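Each of the next two complexes has subunit A plus one other chain: subunit B in the first, subunit C in the second.
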Partner chain A sequence: MAKSPSFIGSLKPAGPESLTNLVIIVLALVFFGTFLFYTDIDSIIVFYLFYCFIFIIIGQGWNIVAGYTGQISLGSHAFFGIGAYTTAIIWLRDITHTWYFFDPLVMFLSGLAAAVFAVIIGIPILSRLRGDYFSFATLAAAQVFTVLVLRGGKLTEGAMGLRIPGTLFEDLGIYYWTGLLLAILATAAVFFVTRSRLGLALRAISEDEMSAASHGISVLRYKLIAFAIGAFIIGVGGNLYAYYIFSISPPAVLNLNWLFYPILVCILGGNGTIGGPVIGGFVVGAIVVFSETLIGRVHPMVSGVLIILVMKFLPTGLIGLKAKVFQRH
Partner chain B sequence: MHLLEGEGVSIHFGGLAAVSDVSFYIDQGEVLGLIGPNGAGKTTLFNLISSCYVPRPGILKFKGKNITGMSPYKICRLGIARTFQTVKIFANMPVIDNVRIGSLFGNTRSPASAEANQQSIELLEFVGLSRVMNTPARDLTLANQKRLEVARALATKPELLMLDELMAGLNPTEVAQAMDLVRQIRDKGITIIMIEHVMKAIMSVCGRIIVLHHGQKIAEGTPQEIANSKTVIEVYLGE
Partner chain C sequence: MANPLLEVKDLDVSYGDIHVLWDVSLSVEEGTIVALVGANGAGKTTLLKTVSGLMHARKGEITLSGEPIQHLRAQEIVDRGVIHVPEGRRLFASLTVMENLRLGAYLPRTRPLFAESLERVFSLFPVLKDRKEQKAGTLSGGEQQMLAIGRAVMAHPRLVMLDEPSLGLSPILVKTIFQLISTLNEQKTTILLVEQNVNQALKIAHQAYVLKNGKIVMCGRGCDLLVNEEVCKAYIGERARKPNG
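Let's look at the complex of A and B:
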């Protein structure tokens, strides 16, 4: 008799590919885990990697919704902004009485705020709309949120934004370590979701909603959970970014780049895969850091055009190239 | 009390009355046939029962309880399962995962993973698919895809199973196998409504038949009565 799968998710037999994956993961962890011990901490490389980690985080947040339920969210910048603003508001109003700077509680609450927002907009949107209409509605909700922030009075200080104290900054070390840890956690979260009961439901939903529902899957519930988890992860990304820019304003954290970056990360690396957004994160990180140091600011138009080019010429992402290589054997 | 009961069930798509004022019932243990020309509204009636559409107007009751407008996933957990005429298996998943989904999500109490695996393997053996358990579902032949539809519907442990043209597109050997399968399911104590164009199958397996035409119920009776009904013969010859 054939071996029965022991995992919830489907198990592929351990072939050369999964062994290669394991080796790659271990090597990457060793490399990044020791990197700071032989690099100048204030070098541009560390700064670059910090950016990559942010991109991996927000990429995975988008991946869990787009890659595994097939719903293209265009509201990431709102989740990212909520994460950043929540961090600033909690800190400036001294709400949690903790140490605020790289504070796990504040990180968690920043993600949570984004997840709550996702549930609030997700219930009406996901229960009625799918496909393109879902996308438009998330974009609309995010833009409404941006307007609310601009008109937020004392709470958000409108277009001026909020400034969190920069006095705690010493070097990039803590940025690197926290970014690395969160990027690993975000990736692990996606991995475990896809291997879980939830992941099985999401895959069924992305294949055929009517069929999924007819087999007992609450489509709304699982889509909402995925949407909220994705928002949580992106919100944590916003928190991390807030510690880096100190000045949290709509142009900084709610601009459309934060809508485009996660999409670019995923489709460039490979949407709906675990490793895709990791690869995508490093590539997009390179593009962004390079152009920021060279030309100052990346216009959202650039990332938009890049998305179109990648979809046209590399529809399965960079990770798809690897699959092609393996197929040849 | 009937197992399932519909009162004046109707639905319109634009100007088209796809199902109009259909009242019906089915009792525990029956095999009920649902026939009618193309476009008669048979599949739509299944969609109404499984709550993919909500009847307007009309009432559906399962074991005396009003289930009109309930979410499809709740209908499934209540014990009503179905297969799809246009096969809707999860094509990119392995065969076994298709069935495990039914088992893991289709019951009010979700079984443990190992238990779900065990159930799924047994069901695949029951429908004769245990050898292709780990194949992606899309690679199955049509006949096997239909068996898979049945297996994963059974995985939700239904009291009522609705089969939508299980035998369409199958060759005579496969039709005979499918008829056997239907009988075996009935012998497990599962009540069945089946839509079928293969008359031989309908006539030999069903205890009672309902005929739909242009969304309306035009006849109902034993296979014998239906075969001799003037209205039914006219409808079929008129096509």
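Let's look at the complex of A and C:
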């Protein structure tokens, strides 16, 4: 995968570039933090931004594995589905005895369930396979999970899926705020992980596994940790989406869109960078939300053409544009 | 010669059916430079890989300060202070010089010594200090070799095994690198040096072994081997010496 030409948070002394980054971050936080106070809550823009936040969350979850360990996971939809199903099952079976609607505990458990699944499939897959074969194996594991859900009997209600009480919906306010918070947290998580010792080990692994191992880095363990963190983040994204659709079924949360969206987000925005998935999230959000309302069912074609164009002309993603601008000065 | 740091006894190594090393024995005394010379394909790299646990022997014993290490995994051998600087350096090209050095000191054992080791590396290779924030892939060949050796020093090694440190360097840089290896050794680091540049290697080595077709054919003090005619034959190869070969 493309290596980062410049990503927010490399250990460089504060220069004009990191100052620009800081200004952009502060402006963005102020803008999104006050946006609802001067916007009609029922506007499509709020709906659009909610979708963007989901895309940023799952994009960051995929980014930490693909961008920083070089392993292309094709199992995101399983993690997303596990997050959504865990939310519904905990709620409907009254497991935690808490307030289930936007309940932090349920959110956490949804992410945790996805992370546990990632560890279970990750140990055999990551210890044996790498590269393309890792990708195929994650896809296969996700499809096995889909079948299990379809055959899940009373627990998952098969193809019908589970319904959580939709009467709690008032307006998009809480969706917006929670989405914004989680998108910030997911981005911050990737930022801090990649700047830590763990991040250094991950980047060494993505560069040269043998050489990393010869420095005493336990390759399997670190890959597994990254895989589990990524799954956790995507699982929380599934939880948020479950609160929005209320009907959790395989066609809604386990369809292959949830496999492609995070990849699109990262490739368009810039894989292996902190800011890339944020930019990618807004772009993919626009494609999905606006082209769906404007041109209906052809929007997958739009995103397909766009991804080809970006890979052809901007292999480092849209965030690569910024590096190009800075190189010229 | 009471207690060698590294001792290899009757080592047999093969890649599948292809037998590479036959009954190889050598010993490396604490605080010395030992050179292992020989022509291409003699088995020098294989020997280093076997010592560092990247390959495993069919037969024979490898001991570090008397403790057998031939059954340990590569990571455990690194943890015991045997650091292999592989041929072609294998740096993390898109990581900075500093990040490469931090990875050299990744093991828990070496972490408390980080600042001290870093100072040592920067005093050995001042150019690395100037290039701290530069990506390793953008360094020159000589600087990359210095970084590879520096990364090994970060691991607080007892034994550094250098595989062809002069590979691909200009003659003047070759000289510099060999001087630096001598300096490193004067700071009490034991070195096992594999080289095709026999002349330079023997000049700085206390002890040397000549490997030919997977067998040790000669050993002795570096300066003695340097003037030995047999040595020339062993590493240049006999064919080259025949008039019509």
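By definition in this document, the second predicted complex is superposed on the first by the 301 of 329 C-alpha atoms of A that agree within 3 Å, B and C clash if a C-alpha of one lies under 4 Å from a C-alpha of the other, contacts with A are read in each partner's own complex, and residues count from 1 in each chain.
Criterion: a contact is a pair of C-beta atoms (placed from the backbone, for glycine too) under 8 Å apart; a residue touches a chain by one contact, two chains touch by 3 or more.
Just so you know, these numbers come straight off a predicted model, no measurement behind them.
After overlaying the two complexes on the shared chain, residue contacts for A:I95 are found with neither subunit B nor subunit C. With both structures placed on the common chain, the touch criterion links A:M301 to neither subunit B nor subunit C.
In the superposition on chain A, A:S218 contacts both subunit B and subunit C.
Once the two complexes are laid over each other on the shared chain, residue contacts for A:L148 go to neither subunit B nor subunit C. In the superposition on chain A, A:L200 contacts both subunit B and subunit C.
According to the touch criterion, the shared surface of subunit A, contacted by subunit B in one complex and subunit C in the other, consists of residues 4, 197, 200-201, 203-204, 207-208, 210-218.
Those residues of subunit A that touch subunit C in the complex are listed here as 3-4, 11-13, 197, 200-201, 203-204, 207-208, 210-218.
Residues 50, 52, 71-73, 76-77, 81-82, 84, 88-94, 96-97, 100-102, 104-107, 110, 113-114, 117-118, 121, 130, 133-134, 152-153, 155-156 of subunit B are the ones that touch subunit A when the two sit in their complex.
Contact residues on subunit A toward subunit B in their complex (touch as defined above): 1-2, 4-8, 10, 197, 200-201, 203-204, 207-208, 210-219.
Residue ranges of subunit C in contact with subunit A, taken from their complex: 52, 54, 74-75, 78-79, 84, 86, 90-96, 98-99, 102-104, 106-107, 133, 151, 155.
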